[in-house]
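What follows is chain A paired twice: with chain B in the first complex and chain C in the second.
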Partner chain A sequence: MTEIALFGAIEIGLVYALVAIGVYLSFRILDFPDLTVDGSFPLGAAVCAVLLIAGVNPWLASLAAALAGAAAGLVTATLNVRFKILHLLASILTMIALFSVNLRVMGRPNVALLMQDTVLTPFYGLGIPDHIVRPLVVGIIVAAVVLLLARFLGSEFGLAMRATGVNARMARAQGVDTDAHVYAGIALSNALAGLAGALFAQTNGFADVTTGIGTIVVGLAAVIVGETVLPARALALALVGCVAGSILYRLAVQLALSADAIGLQASDLNLVTAVLVAVALILPRLKAKASRSTKAAR
Partner chain B sequence: MSFTRLLCAAAALAAFVGPIAAPVPAMAQSKTVAITAIVQHPALDATRDGIVEALKDAGFVQGQTLKVEYQSAQGNPATAAQIARQFAGSRPDVIVPISTPSAQAVAAATRDIPVVFTAVTDPISAQMVKSMEKPGANITGLSDMAPVGEHVALIREILPQVKRIGVLYNPGEPNSIVLVKALKDEAAKVGLSVVEASVPKSSDAQQAVRSLVGKADAVYIPLDNTVVSALESVIAVGQQAKLPIFSADTDSVARGTVASVGFDYFQVGKQTGAIVARVLKGEKPGDIPVALAKGTDLFVNPKSAAAMGVTLPDAVVKRATKVVGQ
Partner chain C sequence: MIVVEDIHVTFGRGTPLEKHALRGVDLTIPEGEFVTVIGSNGAGKSTFLGSLAGDVLAEQGRISIDGTDVTRWDTPRRAGLVARVFQDPMAGSCATLTIEENMALAAARGRRRGLAPALGGDRRKGFRDCIAALGLGLENRLHDRMGLLSGGQRQAVSLLMATLAGSKILLLDEHTAALDPATADFVLDLTRRIVRDNRLTTLMVTHSMRQALDYGDRTLMLHEGRVVLDVAGEERTGLDVPHLLALFARQRGGAEISDDSLLIG
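So, the complex of A and B:
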């Protein structure tokens, strides 16, 4: 693997780490299977791209992308909490609607940003190679998100949100407004996906309606790989696990991309990626089983 | 404990990745071309095969003097971005991205490796190049915009007396707006006037084409999804009013338009490959103008033409790649 390819994989892994953290928030903390990210990720990319073209400051545009993602999350949460639509279905409805919304936002299927100033532009002139600057800037943003989120989830509001996910009835009995916490949590989750979309558009020079395809799959895989390699009780570590899982997932894709050397074709990419991720998930389990059986034998 | 596990996993991956991805030792004076497409489908695959074929004609034979790397993003833009990074790292002599998202990802990943894009419809609005004539930087390529100029020439060849071309399109489709503008430019070059009729939804198509009867000598339908989905109603009016209907796409000829010129993507690939060969031989991409793909497939429909009061010239029928109804 060349240095540029390695840093490229890390960079894309870091961008999707935000999605993974969002998915962790919805699936794990709130116990709310939310597929909205497939739509809120490209929504973030679209909003950011359109604002950049209009000459808005890149940081403001990225913030707006996060807010747009949060709004999408609120729609899903409203459908579920207010109108009692099953969470999975509510999120699917928002996700498919967002495809049309994203086309409206951009006015066409693809908006190019190759010649626009982005959050990365000021850092390109510092004498560090481009392929290192990008993961560095994205990494700093991800680190900031992890720190803020760890603090937030340790706050009274954050603890109540976690209680909502673990046992909503018990949480309500303790006077927690569980509905409010579902709204807040799903909005936050999709805000992170929107921010990830904005960063993806800026680091890759385009926003495209198809960018959302499979976002939830990548996010979930990252969460689970992260939990396997870093089985942490502490919440901050679990968030770091999401980041690690996302980067490992990208390294697996990178490995699959290099697989033509062992006789595989370009079309085998997804299969190889799936096998690598499956192996990463199965290995620790086998190891645990082996150590258990040796213990039993003794 | 858990951190050690993480490190182990990373180390294991690195151990895997290291040897596999070690660069293959280069053959004597061999060149490497890295091709990537957003997805695998017949047109894009044919483009790739055409590129390899054209390079062979230019003396770069795969496996001997040429190494071809190929990656498909399987429809996933994030993977496209990662492939772009991989190519930026492996530093081939030329990167050939097929389709707009792949091209943009590659353009974002490298500023110095030569890039020859293809199957990008509008390279200016995709921000691949600043100018078609003088792209500058490390990028040039080939646009597969519908060959409107060739369509106008074809209409004039079949109907030498034509003065006014009517055009049916949905102003809400960005692609159609680009094509209608191109039509006006091309028509003006040969002294024809263009009469527009807008079709905001498919059910308006019939009324719109009626409004052109008496105002236009022929009607042209761009690659407009709204109009093409109502094609039969447009053709019915064309036959009643003896108003010849032409289309930008060749598929519509089988459904009853008079004729069209379209792409064979293998040939688009060959035209791209010719540019790649020029770059491999040392030309700077920035000095090579962005090419427009040439239409190579002529489709005609003599039966439908007769119903619209048109007799196709023998020369056109003889030249046709496909004559509908035969």
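So, the complex of A and C:
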């Protein structure tokens, strides 16, 4: 793997780390399997790209992308909480609706960002090679998100959100408005996906409606890899695990694709991802089974 | 003080499985009274407790707690007034959260939850002192996940959690039914202590007639959604399990007791 490919993998890993943290929020903390990110990630990219072209400040554009993601999350949460549609189905409905919305936002299937200023622009002239600046800036943003989120989840409100996911009945008996926490959690999760989309557009120089496909699987893969390499109980560490998992996942994919001996090519990415996630999901079960049978043998 | 006026609850209205679970319960429970509730399966005990907690909304009648009409309030809204311990030790706490996090959740019951750290300041120390009083050695395990505790320990912590936010009313839904006898005794003694020390108005549903008479100040028997027996004071002191059984049998139209679980304990 070349140096540029290595830093490229780290960079994209850091961008998707935000998706991973969002997925961790929905799947793990709220126990709400939410596929909306497949739509909110390209929505964030689209909103950000369109605003950048309109000359909006890149930080504001990124914020707007996060808010758009949050709005998408609220739609899913409303379908589920208010109208009792199964969470998985609710998120699929939002996701496919967003495909059309994203086309509307951009006015065409993809938008190129060529001369526009991005959040990265001020850092390009500092004498650090571009391929290192990008992961550095994204890394700082991700670190800030992790710190803020760890603090949030340790707050009274955040604790109530965690209780909502673990034991909603108990949470309600403790006076927690569980519905409100589902709204807030799913909105936050998709805000992070939207922000990731914005960073994706800015680091890659384009927004495309098809970039959303499989976002959820990539995010889930990162969460699972993170849990495997960093099986932490502490929340802050679990969030760091999501980031680490996302980077490791990208490195693994990069390795698999660049190892000529295996004969894989870039178009095999989705297959490699699916296999990786399946293996990561199956391994803990096999391990548990193995330890059960050794116990039984004693 | 709890005032219940003629509440009715029907499940599955208009379906073949329609069940009129509560058929006009009228009750006044003065502040600080410890009431035990018995009745056979399907008598409406749990529905009654659920209607006080807000899980089940009464379609008719009125419920007020400390003079506030709460008839239409949902569970989270009533939580500031009502604390609960469930039958299933797993139900009353969050297994994957730590003991101190569970306590922090309970301590904020009925309050607005903001962005302040849930375990900031000297709260940890407060929780440690609180839990040390249980005498279970849990004060050194505050960082342990709740799921690591035994059923009895979890019920004990749940009881403690019920007192953290200063609720007026404690609802216990067969909270010792899933425990072994020795642990059940411990939890019952703890219940008695906590109810007395915090002067809580308490309703305890139990399957055991023995417990129903041994604990508390007043005993209610529910049958087919109605209160069929309400004894307190000397009349209750003079009662023994066989009397209660006889009364119970009479209520059921002279039929023999077929529900073994009522005789146990």
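Keep this in mind: the second predicted complex is superposed on the first by the 260 of 298 C-alpha atoms of A that agree within 3 Å, B and C clash if a C-alpha of one lies under 4 Å from a C-alpha of the other, contacts with A are read in each partner's own complex, and residues count from 1 in each chain.
Simple rule for what comes next: a contact is a pair of C-beta atoms (placed from the backbone, for glycine too) under 8 Å apart; a residue touches a chain by one contact, two chains touch by 3 or more.
Quick caveat: nothing in here was measured; it's all calculated off a predicted structure.
Looking at the shared chain after the overlay, A:97 reaches neither chain B nor chain C. In the overlay built on the shared chain, the residue A:2 is in contact with chain B alone; chain C does not reach it. Within the superposed three-chain model, A:136 lies out of touch with both chain B and chain C [touch as defined at top].
Using the contact criterion defined above for the overlaid structures, shared-chain residue A:162 touches chain C, although it does not reach chain B.
Put simply, more of the residues of chain A are touched by B, taking chain B and chain C as the two choices. In the superposition on chain A, A:107 makes contact with chain B only, not with chain C. Look at A:264: by the touch rule set out above, it reaches neither chain B nor chain C. By the touch criterion stated above, A:230 is placed in contact with chain B alone, chain C being left untouched. Residues of chain A that lie in the contact sets of both chain B and chain C are absent, per the superposition on chain A. Note for the complex: chain C touches chain A at residues 53, 74-77, 79-80, 84, 86, 90-97, 101, 104-106, 108-111, 113-119, 145. Here chain B touches chain A in the complex through residues 2-3, 5-6, 9-10, 13, 16-18, 20-21, 23-24, 40, 69-72, 74-79, 81-86, 88-91, 100-101, 104-105, 107-109, 111, 125-128, 130, 174, going by the rule given at the top.
Across the complex, chain A meets chain B through its residues 1-9, 11-12, 16, 107-108, 110, 112-115, 130-131, 200, 203-206, 208, 210-211, 213-214, 218, 229-232, 237, 244, 248, 250-255, 257-262, 266-267, 269-270, 280, 284. Residues of chain A that touch chain C in their complex: 151-152, 154-160, 162-163, 166-167, 169-178, 233.
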